[in-house]
Amino acid sequence: MEKILDKQRLDDWIAVLTDWDAFAPAVEDDVWAFRPVAGAVRLDHPNTKQPPKGFAFPQREVFFTFEQIKGEAPRLTQKLPQGKRRVAFGVRPCDGRGTVRMDRVFADHVDDPYYQTRRNNMAYVGLACNKPVSSNCFCLSVGGSPVGSDGLDVLMTDLGERYFVAAVTETGKALMTVAGDLLKKPEVADRQRLKDLHAEAVAQPQRAIHDADGAPAKLKASFKSPLWEELAQACIGCGICTFLCPTCHCFDINDEVTGAAPLKGSRVRTWDNCQFPDFTMHTSGHNPRPSVGARLRQRVCHKFQYFFENFGMHQCTGCGRCISDCPVGIDIVHVVNKVTEHAG
Amino acid sequence: MIDVQSIRDAARDLLTRGEVRAVIGYRRGSRGMLAEPVTITDPEQADELVWDATCFHNLALYLVEDRKALAHAQRTPTLPIAIIAKGCDARAIVVLMQEHYFKRDEVYIIGVSCEGGGVLVEYKLARLLNGAQALSAVFDGDELVVTTAAGEVRLPASEVMADRCLECREPFPKEHNVAFGEDKTGRQLAAPFTALGRFEALSAVDRWAFWRRQFERCIRCFACRSVCPMCYCDECVVDSITFPVAPDTTAEEKANRIRWIERSAVRSENITYHMTRAMHLAGRCIDCGECERVCPVNIPLRLLNNKMELEARERFGYEPGASIGGPSLVASFRDDDPGQFIR
Amino acid sequence: MPANIYLPELARITFIKEEVPGERAIKTFRVEPLNGGSFEHECGQCAMLSVFGRGEMMISIASSPLVKDYKQFSIMRVGRVSAAFHDLAVGDVVGIRGPYGNSFPVDDWRGRNLCFIGGGSGLAPIWPVITTAVAQRDLFKNITVFYGGRSPRDIMYKSELEKLRGVADVHLSVDKAEDGWDAYCGFVPANVMDKEPSPDNAIAVTCGPPIMIKYVIQNLSQLGFADEQIYTTLENKMKCGLGKCGRCNVGKDYVCVKGPVYSWAQLKNLPEEY
Amino acid sequence: MTKKRTGVFVCHCGNNIAATVDVARVVKEMSAEETVVYSQDYVYMCSDPGQNAVIQAIKDNQLDSVVVSCCSPSLHEKTFRDNTTRAGISGFTCEIANIREQCAWVHKDRDVGTEKAIKISRSAVRRAGRNQSLEPIAVPVTRRVMVIGGGIAGIQASLDMANAGLEVILVERQATLGGHMLQLSETFPTLDCSQCILSPKMVEVSRHPKIKVMTYCEVQEVSGSVGNFKAKILKKPTFVDPEKCNICDDCTQVCPVVVPNEYELGLTARRAIYIPYAQAIPASYTLDEEACLGLNPIRCGKCKDACEADAINYDMRPETVVEEVGAIVVATGFDLYPQENIAEYGYGKVEDVLDGLQFERLCSASGATSGHVLRPSDHKVPKDVVFIQCVGSRDPAQHCAYCSKICCMYTAKHATLYKHHVPDGRAYVFYIDIRSGGKGYEEFVQRTMEEDGAIYLRGRVSKLYRHNGKVKVLGTDTLTGQNVEIDADMVVLALAMQPSKGTAQAAKVLKIGRDKDGFLAEAHPKLRPVESVTAGIFLAGAAQGPKDIPETVAQAGAAAAKVIALLSQATLSHAPTVARVRRSHCTGCEMCVTACPYHAIRLENGKAVVNEVLCEGCGSCTATCLRAAIEVKNATQMQVFEMIEACLA
Amino acid sequence: MSEEQAYEPKIVAFLCKWCSSAGSDLAGVSRIQYPANATPITVPCSGSISPLYILSAFNKGADGVLLSGCHIGDCHYIEGNYLARRKIYLIKELLEMVGVEPDRLRMSWVSAAEGAKYAQVVKDFVADLKPLGPQDKLKADRT
């Protein structure tokens, strides 16, 4: 299903999606984030600071609550997410591809009921990048495209005054169907314009990982390379790179206690981060990844080697967030290039 | 204007003469024109060093990292380590020495004056350049010289500088072994605590509305803490992401680490984290502003730290980073400390 | 596997025994499902135990799969959850989910000599293999057990080890000589070298502190054991047990799914990061 | 430490608690606590049966910790801790939940009171759940004492302690013992001669085999703690060997330097080499290094030439000795409030305006005028003498807020003495009110007024100045409301007593507190009046506050008795609730070292180390440390964390 | 009863062992009635009160936090209250700056002799807290 939407009618489309809670990028204190739609939506954002991964994988998820009277068995109450279906507008293609990767992780081996419930309730309306939205974009290097539709339900392309709206999935079609005649049939010129724009978009200069295909093997060969410590020399061990990453999925599980007699609390999942020292630290103090170098290697190899070995795709979508926001200039493009070049 | 070659020469000489074991400085990074921190040990590398308006980082952090690495390796070096320090960085080094984190003779401070400049803010520059890509940016007097593909542009320094630099009164590293550039101590491009003053003029309701938004946005990536040279604790009391285990660490201690806050990045926990951090930085924060710069979600953390700095100065006559020998703010008192708030 | 993989089953502690006293105490717990019937497991698999309010920990199941009534765990008091476990009493209810990970290919080892080498609390993860093999004694040839602790009081499963003597060769050791200890004094790898188990038609299974494992493997190789004949089991920090939380990986393998049991031949191919 | 087995015992206190608090409910709620394995209530927990019940319950249930919900810990914490100890577990595992004073007695509503009692008890249960078993720390003692200050307080304390068999080191900064009392002529209310009562005591001190007198010495540094102090004492050089000196006085005859004599408060002069006064102890000369022309035979050397005993040695140098003592008595005395501070009385620049001590010297038979009251300006007998009380005292706005206590009496004494010396003279006394609380004091004042005819004027002197060879005194008699103007020959100011310079110094060296006026702070104003806050350091005399002689002697005796009691034990017991350092977390930033009021923490190899004997467990370090690297045992952050939770549950 | 009347602020009161606890005891001995909202926690000295205690109390749902120690100059531990005064001043300023009502954190010197003062301090504190309503700025919502 391919349609045309007048830019001015975007709000009308959102308004008729009454079965859905709609989200769109909005700026607050100079931070772009997906927020519940309130008022006019203008999809002129660069990219959101955080990817939309939190829709299906929120930073905090309550698994269940427990209550235990002393001497009795605990009572557990499962807390599966509930609520209206949700749709996010303005999702960039790199983040769409991020969703594909998250889906793989949370369905691998066994289904994660919390992720699945949220994910099944979620639709992503994408927006093609006619131009790179950041100087650190490199989606093309990792098999993506600024106009790609992986992981999206709908892909919109900004034609100037109008959006070209293409359904990608059945959910996407459903969303478009609700719009009724707000969505018009595209003209030939529209299609041509789309084609031109898409061609221009993929021709835009981007940063580049030179040998992403060769990366898994080369990284594997470079496990013991001294380059890792060297490249991580400036790393301060914060969580920006992973917390802003559209594909990082690591988490921690903790009990949050709210009462002691009777014992009350929740078992909670929170995002965790492979760059934090205690991520792998044993209680004994032994740490399989004791240095910033080892932890940088884990992050990079996870994305460009381990994930590839397990799922046949890179776990990086080239959004460039980890590069732009790294406080000390650690640059995954540079790191991968450097290590792979060094591996020959 | 600082001649970067003089810095390179100094670094090279120190390494060549074997006076220091390494030099912590800046080099050109891989993303655009931005500088990045580097530690060089080979005199040959000295020519990589740069000095420009993107030398944001407070390199004192890497002195801390160096100490940690040495402690971990149980090594006592015979040579000092050299560091390139701006005015604020040098104050941080003073605080670290005040807290005995290392001794004066273990550091060789290559001070570089910010003179009329400081560091730039990327978004301010981008706005002024209207989409042109800057290739380099160096302060010259009260101007920023920017090169773009189209040529050289000169912009008023004050329009691209970070707030912390505008409000800086000590752009010259007082504590140094060698210093480059003019001592412009006392320079005041903006009144101190301008941003804080503006904020404090708000009503309590507005202040809360503001902070509520900020604290709800925090994702607890800990970049503010990780980038701070004063946050050198081996384990953060308020939200630990590591724990030091010594031979005498008991199972009891490991089992019963207090969880003042939960890992959930929700408002209540975030606010407790940030307030505790501000308290722990009271009298120690030297306003390098790095926490605010690195925050990915733009929480104006300087306000919190500035508030403590202002109170320390006005109520207790205390200037963080002013002297190596003095007592710490919260470990000392004066008879005439304010007490009117006590009933 | 249940619909909600994170929701533990409730299980009651029916038996507690103090194996090793002191600062690094080890206690053995038996837990029985509260509502009858629970998961079945294989030798070497783990389970996630919960003390509600304190959290979860991954512990290897120390009882044989042949035992269906209960599952046994030997837990050292080292951290938040294990300390809470040590504070529990018979009758208390905990949470359990699992089983997690792969297992020792015990059935493939029929007709072979089995050599077990454990140190410290590392006896627990290989204990189900030992007990399973002993329970099916006629399916296996010689069974040899090396086990050592820091001192005589650090030896766990004392009476069980004594009982083994009838059906297996048991070689105990302590790191340092102490009064009243008449068996071997010295580290476990040295004891192995001392007794020189034969690699012929043998499988060696080892678990213990990383440094011990390292030397045991070295020594076994020296004795002629091929990499495929040596098995060990890894211990990594785990949170989910399901290959999702991201911390227990060694290379591409999540130890909670692909491990924890590895032959040395397999382990050698993984990055050295455990 | 495994999970605690706590017993909770809730007291009805007759009806005191039970009237407001549903005791049974408290018991029930506490039994739901994770660590509680036993709980009961009883009508009077502190009674014998109550205490026995606790002991029984501890034994029957293998309790390892106890919470007693009852009255204030100030009343029965010790009772129940001793009781717990009797049951065989550490007393420090016992916690008191105060549900009487802090709850039952201050609330009427039963539901509200019960709720609060539950919170208080629960909070104690949580705290007890993490208490360590601790035993008091035993500290061996050194059975020697240092007394700082050789005035009457120090002398009396030294004698009392030495007579009880303790070795005493008596340190005096002046060249002789005696202090201010030695400068007095007569003492009130008996008018017996000051020197006559003091000199024999000084002699006794100097001859006592257990007392080592160290005059012309200053305490420079004190380390250690109760039972085991180490004092560094500086012996200033006198340049005269007291063994050789035969006090022939030949040296002063030749000494060319003349300086004011401080013993005579400047009323006379002395030489650079001098003996403070004839009966000085030790009986030896001292060469005042500052006044001397140069300690160099080439520059002067006259005294050395003159000394036949060859007692003078210019090469003497300051010497430091270290003494180890188990206790310290501080008797550093007072100074007069400086006349220079009193603007309305001419900043001490008006001639013939004297302070009380100067007047004592004028009256003293051994004084500058050999016991004749002559005014300094012209050596004439003054006929009109004005005595002004409360100069500097009781004046919070400008001077000292406190009453100097002895001025009323010594002014009366001065007026009496003057009248005895100059029967036809007129003595005027300006006073605010007369404070004569003391045995025989009121009678003495009455005698001064009635028999000796001193004229008492109630009111203040607003101004005085030199006028026609006299001192014009302008004042108001507030009883008559009339202005008074007196042309006085002499004015004597009853200046306030203030802590001596030595007192300030001693407080600094000993790290003991001072009150807002600078006097040494006692540990408790009523119950521990002779102890400093620091264990093992005791206070005697005017260094602690204005006192007359009997009071000083009494306090000195009391301090001595405290020291004797303290050092009669073989070891001392110190509370074990002291700070502990987590070495893994300490970075050696020294903030705790700075914050510790007891100087109990030092850095060793870059980590804080606590001297458990010095530590009083105040927890200032805990609150100051940024890394939770130091905390007080049984008052840990974890315990407070859980108590907060308990309060808000 | 209206909602507002029903609201009873929860207060955690950190009292030093020597003065303020004794002062609250005296209030008890004198049978001075005061509201039961403040649950006392006895600490050795006001100087031992870490700012984290205050933040934690608010985090755990306290509507107000009361801190009390010996008057300046009277500290049993010589100078603990001086250290406390400085630290508490700073945290109070910080809380106010982010918009927490200043009335939620109260510090008061109460000597062992000031039973009536302790009672009054609690009374006043409760009265000042009531109009503010529940504290939800720092309170953790862990549902």
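Chains here go by letter, A, B, C, D and E, matching the order in which they are written, and residues are numbered from 1 within each.
One rule holds in what follows: a contact is a pair of C-beta atoms (placed from the backbone, for glycine too) under 8 Å apart; a residue touches a chain by one contact, two chains touch by 3 or more.
Model, not experiment: these values are computed from the prediction.
Between subunit A and subunit E, the least number of touch steps comes to 1. Contact with both subunit A and subunit C is made by B, D.
Relative to subunit D, the most remote chain by averaged C-alpha coordinates is A.
Averaged C-alpha coordinates put the centre of subunit B at 35 Å from the centre of subunit E. Work out the mean CA point of subunit D and of subunit E, and you get 33 Å between them. The mean-CA centres of subunit C and subunit D are about 67 angstrom from one another, to the nearest whole unit. For this pair, subunit A with subunit D, the centres built from the Cα atoms lie 71 Å apart. Multi-chain contact residues of subunit E, defined as those touching 2 or more other chains: 51-52, 56, 79, 83, 87, 142. For subunit D, residues that reach two or more other chains under the stated contact definition are 595, 624, 637, 641, 645. Multi-chain contact residues, meaning those touching two or more other chains, occur in subunit C at positions 78-80, 82.
The list of touching chain pairs reads A-B, A-C, A-D, A-E, B-C, B-D, B-E, C-D, D-E. Residues 1, 3-8, 10, 12, 34, 50, 52-56, 78-80, 82, 93, 95, 210, 235-237, 239-240, 242-252, 257, 271-274 of subunit C touch subunit A in their complex. Against subunit D, in their complex, subunit B makes its touches with residues 99-101, 232-235, 237, 244-246, 248-249, 252-253, 256, 258, 260, 280, 327-328, 330-332.
Of all residues in subunit E, those touching subunit A in their complex are 142-143.
Across the interface of their complex, subunit C is touched by residues 63-64, 66, 68, 72-74, 76, 78, 80, 105-106, 108-114, 223-224, 249-255, 257, 263, 265, 267, 269, 272, 274, 279-284, 286, 288-289, 294, 298, 301-302, 305-307, 309-310 of subunit A. Subunit B makes touch with subunit A in their complex at residues 29-32, 34-39, 57, 61-62, 123, 133, 213-214, 217, 219-223, 225-227, 240-245, 249, 254, 262-266, 290, 293-294, 296-298.
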